[in-house]
């Protein structure tokens, strides 16, 4: 059984963060798919993409009044990771993603932290995939060695 | 031809702000309707309420990651006024409503400023309603006198 | 009957945001006029421009302690849209425009969001102009296609 | 196979948020365990609790320089949810949990949002538990009805 | 020759700060006058009060998008002191008063600091009034003793 | 009788703001003097410069935990203008200058607003100097014309 | 050889934080002394208290534009701990104490964290006092047990 | 008896701040050692480095959710200085280091202020080292002369 991650970017201009997600995911045996869909400009597309998706985990990437992750979460009970994108204010996208109302959780990661969004999604998928779990351990071990330059 | 204002509260707990809106609107000859609908908990309800509404202006009231006004705006090209509701952070609801992405405008008013949301909606409606325009002038005159206690 | 939009920039240095407004308005059949007038340096000019204007909607653009939109609103009961201009602090112009006191509403849009200010003004004018309403729908449809690159 | 959630409170004074987590979890068929352990006062206890835990998902609750969720994440590759607790500053606990460095993700939820932390954890566990998945759907449906008071 | 201070409150609800100003001024031989006038609700009144005033120094007191001090400054080249009034956000009134654009200075004092606004005004007036200058020295000496409880 | 302005920069690195002050003062018939003195590195120098100065108004320029203006004010009952200098945080220097405790007022102007600090100082001095008062009026008139490009 | 800690409160109103410091210090064999002295109202007193003190470590407690710790540090090369006191803004006292300019360090602790200021001072003194070092270890052990309620 | 300072950088990318620390320490007769160790990526390494260190003072340097200084402090009762590193938000690392919970103090210095961290560490060590104490006095005197350019 394969786990799948569905990435939605709020705008093509968020692709630098999208690339960080993909570059991280590529280091794991995991399927993913990326779409561009705006919570504000194409709300129906967000809804249909989410409802028709067979993904196990969603990642929403958005800046400003970053509604996309919350909008994804509104249409699914699958876990949704939200990545705030940096801009002129930064507290806007961070707070718009973190401060979700009761009942509809979003898992916020740090500003522009596509890498961590990917890792969090892999951690979630690894709960039912031993191979992924092992790859995660190796990834972290590699990271440890990088800190100290060994 | 009658102008109509459709108020959506993100939650019943936003009713204090809702009351401010209604108390202000009651001073004008204008039709209004109030519904509770959450952008995150009932996104389809927001969509259908907005698409089926014959309102000229919408007012969305929400706290935290206040997505409701933007969510209304995503489903209409009618003017949408957004009222951030106060809480423990305040910058969250303000920025979530003000910092809308390009293409989908929301008219943000101040924190808990249901009164100003109502007045802005009336100002918009008054553009094609001479009676309302006159009532607005009288309202402002009364307000002026109140400042100085005359 | 023609709707008209009157744009006031607080300073010539705000012209980049002014250009965004005009470039957006040019895509609609709507009259507009642009003036430079400072709430602090030329308050009488703001007053006379506003009082003598036959505009249906005003747009005020200002940075720092961005008083211009509120100053316009003080002299009219027509709808006023306020655009905060970015600088070294950003929360200054945003809060100065959003946090208007009770009784004098301003419709705040996002930081440097001249495009959304224009769209909001067009949305307001479209309430009594079927042609504009249709152009807005087409504009949004075009925007939708642009999101997905169709 | 049973999924398990391990809740760590940074201090006994965080128990109000802990109660929100438990009250939410009790509505689902899911095992959980709660411990108090401080990242700063009892770092070894955090490490041993995490390393010896057979939990599938961790929830860390902390205020101020809320290091606990990140500290848990440092000792596991299981998903970690972080709940910032409110205080005199609020941006401190929010940013301390959201702004994790690359490589060690934490899933931040909103200020004092124990309920959403629980739901996010359940969503994650539900990926390999059909019964939980069904309970989540029912929970959300109930929530929808509550919004509109039906 | 007598120096005069003219205090303008943006709203009657700012009278607690107004009282602090007056209580401080009463300790000095200086004339003052207090009016309520709103930059947004009664802009013409602000203008006429300022232009017809024979005050040497103005003090403007306002909360939220605290435009009053800047509005006074727009109509005079006499020194204007601005007092931000506390509310739900606080950074709004502080930044709205401090971040004045080039050319129109306002002397901002701290949040709700009516006392300091009064002292600053007295300091300014004392430049051409030896008696006031002496009273200021005595006031400060008294304050010094109060710190240490002598 | 000549009025004098004494400018203190907290560091040589604040000289860009110092230049703005001087360039503005040069347009008026007013004496000024500039010194570099740090509230933290040379507190005794600040004290002696202030106590030995025959200035009518002081201007303190400082960034970060901008203590200089308050430190000047601690040693004189002459009016003190404070200019926060921009850096990586900005709210630090603004709040450090605005939020003075009761009893020791500082007149804060905007971030890097050396020009407004100079104008405020001139406004204060103009209270007992008709020529300066006239120059201020002319300056403002020139500024007005510049806004509109006349 | 006895280590000594000298506590300075910026105002009598900071005594709640002062009490936290003293209550913590009382648990250690260490001499301390407390004075009230304001950086702004009694700068000379701060200077003389510091210069005449035989303390090994200073603790400065202040709110608002909390200049006291920096002011102490300006007069000594002994370690100075700074405690920001909470108020209506909080970021003011925190940033005023943390953001010291190069050359004059202050050791900032958290908002109202008199307890941590005391502990930090004791840690510093314990470097040349084995008994204190042992007491610190015991204090921390007791704290550890308190976390888990053992 | 020689005092020793142990510097830990959270990441190699923090080396610019590390260099500031070292360049400052080099001006004093004091031993130091620098390691890279991440509170999140290599928590065990932080623990063992701290526990095996014979340093008198630790300096932790970190950005984002800057947990490193607190993490060091969790494993020692020696004084720990924390340096927040600048990034896209800045308030994140500042608050994560300043707002430590009761019982585990960290001495926070300003953003990127490696120089002050070094000086604070030297001040602490100088309490039992007359030579260092003298060097500190000379350093400060040199600094004083640099302010005024003598």
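Read from first to last, the chains carry the letters A, B, C, D, E, F, G and H; within each, the first residue is number 1.
The rule is simple: contacts are C-beta pairs under 8 Å (C-beta built on N, C-alpha and C of every residue); 3 or more make two chains touch, one makes a residue touch a chain.
In this text, all values refer to a predicted model and were calculated from it rather than measured experimentally.
Engineer: Treat touching chains as neighbours and tell me the shortest step distance from chain E to chain G.
Structural biologist: Minimum number of steps from chain E to chain G: 1.
Engineer: Taking contact as defined at the start, I'd like the list of chains shared as neighbours by chain C and chain E.
Structural biologist: Chains touching both chain C and chain E: B, F.
Engineer: Same or different interface residues for chain D and chain G, judged by whether over half of the residue numbers are used by both?
Structural biologist: Different residues, largely: of all residue numbers at this interface, under half are found in both copies.
Engineer: Have a look at D-G, C-E or G-H and name the one that copies the E-G interface, over half of its contact pairs being the same.
Structural biologist: Interface equivalent to E-G: D-G.
Engineer: What whole-number Å value describes the gap between the mean CA coordinates of chain B and chain C?
Structural biologist: Averaging C-alpha atoms per chain gives centres 18 Å apart.
Engineer: In whole angstrom, what separates the CA-based centres of chain C and chain D?
Structural biologist: Distance between chain centres, rounded to whole Å: 44 Å.
Engineer: Could you give the separation in Å between the centres of chain D and chain H, each centre being the mean of its C-alpha atoms?
Structural biologist: Their C-alpha centroids are separated by 33 Å.
Engineer: Quick one: which residues in chain B touch 2 or more of the other chains?
Structural biologist: 11, 38, 41, 64-65, 89, 91, 94-95, 98-101, 103-104, 110-111, 140, 143
Engineer: Under the stated touch criterion, can you name all the chain pairs that qualify?
Structural biologist: The complete list of chain pairs in contact reads A-B, A-C, A-D, A-H, B-C, B-D, B-E, C-E, C-F, D-G, D-H, E-F, E-G, F-G, F-H, G-H.
Engineer: Name, in rising order, each residue of chain H that touches chain F in their complex.
Structural biologist: 86, 90-91, 94, 110-112, 140, 143-144, 147-149
Engineer: So in the complex, which bits of chain H are touching chain A?
Structural biologist: My answer: residues 11-12, 36-38, 41-42, 45, 64-65, 88-89.
Engineer: Provide the residue numbers of chain B that touch chain A in the complex, in ascending order.
Structural biologist: Contact set of chain B toward chain A: 10-11, 38-41, 43-44, 47, 63-65, 67, 70-71, 73-75, 89, 91-93, 95-101, 103-104.
Engineer: Touching chain E in the complex: which residues of chain F?
Structural biologist: 3, 56-57, 77-79, 81, 91, 94-95, 98-111, 113, 115-117, 119-120, 123-128, 133, 136-137, 140, 143
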